[in-house]
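Chains: A, B, C, D, E and F, in written order; residue numbering restarts at 1 for each.
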Amino acid sequence: MATLHTVNKSPFERSNLEACLGHAQPGDAILLIEDAVIAALSGTAFEGKMADAARTMRLAVLGPDLAARGLDPAKVVTGITVVDYAGFVDLAAETKATNAWL
Amino acid sequence: MDDMESGVVKKFMFVNRKAPHGTVYALEVLEMVLISAAFDQDVHLAFLDDGVLQIKKGQTPAGIGVKNFSPTYRALEGYDIEKLYVEAESLAERGLTEDDLLVPVEVLSRAEMGRLMAGMDVVLTA
Amino acid sequence: MKFAVLVNEGPYNHQAADSALQFCKAALDKGHEIFRVFFYYDGVNNATRLGEPPSDDRNVTRNWQKLAEDHKVDLVVCVAAGLRRGITESNLAQGFRISGLGQLIEAGIHADRLVTFGD
Amino acid sequence: MKFAVLVNEGPYNHQAADSALQFCKAALDKGHEIFRVFFYYDGVNNATRLGEPPSDDRNVTRNWQKLAEDHKVDLVVCVAAGLRRGITESNLAQGFRISGLGQLIEAGIHADRLVTFGD
Amino acid sequence: MDDMESGVVKKFMFVNRKAPHGTVYALEVLEMVLISAAFDQDVHLAFLDDGVLQIKKGQTPAGIGVKNFSPTYRALEGYDIEKLYVEAESLAERGLTEDDLLVPVEVLSRAEMGRLMAGMDVVLTA
Amino acid sequence: MATLHTVNKSPFERSNLEACLGHAQPGDAILLIEDAVIAALSGTAFEGKMADAARTMRLAVLGPDLAARGLDPAKVVTGITVVDYAGFVDLAAETKATNAWL
């Protein structure tokens, strides 16, 4: 009965992702949406941190938000799953509660 | 309000991560918290990151032309809202201690706060 | 499963309302129920009937109305947050209703999940 | 000296409008001129005449109106940003006027300083 | 519009630091920029921090239900707005290169960007 | 003819202050307002950074915003001046342009 954490801001702009990673528990799911999707890409300054997190948590990124920003889903860090809105709904249904890191 | 008699009791957590006054969130979360008291739920308030500033003593916003709602935190006890948690790391990073706070709280480490959050049914953050 | 959705920000300025709409549509498509969408903070601005975005852009308020019409979704605007910001019966778009903050807590109690979209 | 002020956010949700008001008052008190206050993005929401904040809180729209009355300050709401968000002549508070974005650029050209308040 | 004949030419800079689509700022700054073209000012656009994403190639926001305004950046040249500057460090931190961008730009180091900003008369940021 | 930079967000929440410090020039003025005032206090994680910046730039913090948040003006980092709104106006008048790091 894990929690789904959502993060919607770029980690370059705000500390939300950092705060989320600091509180999420092993086995929890973290979904990157809106401006947070940049954190899912390989080659950014956050790649190492995300790869680490993917070892203990289920990481996902919203595909339509990647596409909106012209970011290539093929370049997502290994261990992060690309999902659509239906996948977002599934994650929310499969977990016990949702925690939006606003 | 049927719910007040529905018997369902959930663990609610209101997570405060933003400084007061610069945005309205602290004030309007407090309005949510007060309403929640009428529903006999198991209410928790968490203050972390800049949210710890919401319960800093000595707030006097008259000079910026906005309302001082910080005394309301002291009134929460009267609504039987007594589970207030503050993150130790957030205080330390800002040079604050428990003595700087308006209300009695339980100070938790970040790890403890994460585990507490994990047990909640409904988490509301702004 | 019953979902409740909380929208914290107004239309256009933040993507929150757009994301919430997409989430609601996907949940309904999958056969879930949307118990209620609650608009709080600047989220109340989603409910103005006076907005007229450029014709080549989406109309967020109309998108909410369509969702309400097609699926009988309960769209509730917080009365206190709305009064503060100038969203009242006089400019409320059809399909929305104004009510108290208790409706959000009630949604948290009755729905299986509460999903928040904000800034 | 002539100041122009740009307000990017609506009232209450962000402190921007309050800070801008205090800046304007202090500038006028020191004998400066406020050439224009321009409301853009969600800043247009400062101009609704339908807002009724709780009586123990400030009324940001009324504070702007008082500034305009006392010092003949030109309060200009962007027409396009307002249309998008539902701020139109029908709910515009007295003391504000709706005009084009060119009024902001003009303010940038004519004023000695342009000071921005936002999120 | 008297100003169009006033003869005053100021150095305007529009500073873009936010990602597109998550907030409206990128779109409404662009509307400002287009209007400024009518006033014969010396217009500069700076893209730094997440603002570099505004001019990323391949944006297709149909799936999130919002308008694709990114082609407008290509139209700026037609309004004689040709001074576009991008910060090298901001690209690198995000794993991007100049080839990822929609429009021709001048890439500056952070230090150069700071010096360029210092020479402006009016700086507009959102 | 320096620039006045304003920063209104906490450096714990957003990267605005960092961005401002990375672009402001020697001799420029930086004014902390609204939620940014926490950065002016001694004893925070940003004290060293602010003390460094005070060596080459004029740093100021808005007193009414400190008071609103219950933060003691006597605890401001050495080299940061506490000003009121009139002082904000003076800073804007004395510098050539204003740059708000939003």
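One rule holds in what follows: a residue touches a chain if its C-beta (ideal position, glycine included) is under 8 Å from a C-beta of that chain, and two chains touch if they have at least 3 such contacts.
This is a predicted model, so every value here is computed, not measured.
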item: Interchain contact steps from chain B to chain E (minimum; 1 if touching); value: 2
item: Shortest chain-hopping distance from chain C out to chain F; value: 2
item: Equivalent interface positions on chain C and chain D, same or different at half; value: same
item: Winner on C-beta contact pairs when D-E is weighed against E-F; value: D-E
item: CA centroid of chain B to CA centroid of chain D, Å; value: 32
item: Between chain E and chain A, distance of the C-alpha-averaged centres to the nearest whole Å; value: 28
item: Residues of chain E whose C-beta touches two or more other chains; value: 17, 21-24, 49, 64, 66, 122, 125-126
item: Chain C: positions in contact with at least two other chains; value: 8, 12-13, 15, 19, 22, 41, 57, 80, 114, 116, 118-119
item: Junction residues of chain F, two or more chains touched; value: 8, 12-13, 15, 34-35, 64, 84, 97-98, 100, 102
item: Topology of the chain contact graph, where touching chains are joined (line, ring, star, complete, other); value: other
item: Chains touching one another, given as label pairs in label order; value: A-B, A-C, A-E, A-F, B-C, B-D, B-F, C-D, C-E, D-E, D-F, E-F
item: Interface residues, chain F side, partner chain E - complex; value: 2-3, 15, 19, 22-25, 28, 96-102
item: Complex contact set, residues of chain D against chain C; value: 10-13, 41-42, 45, 48-54, 57, 61, 80, 83-88, 90-91, 119
item: Residue numbers on chain C that touch chain E, as the complex places them; value: 12-15, 18-19, 21-22, 56-58, 63
item: Residue numbers on chain D that touch chain F, as the complex places them; value: 1, 3, 8, 15-16, 19, 22-23, 25-27, 29-30, 32, 112-119
item: Residues of chain B defined as touching chain A within the complex; value: 15, 17, 48-49, 110, 113-115, 117-118, 120-123, 125-126
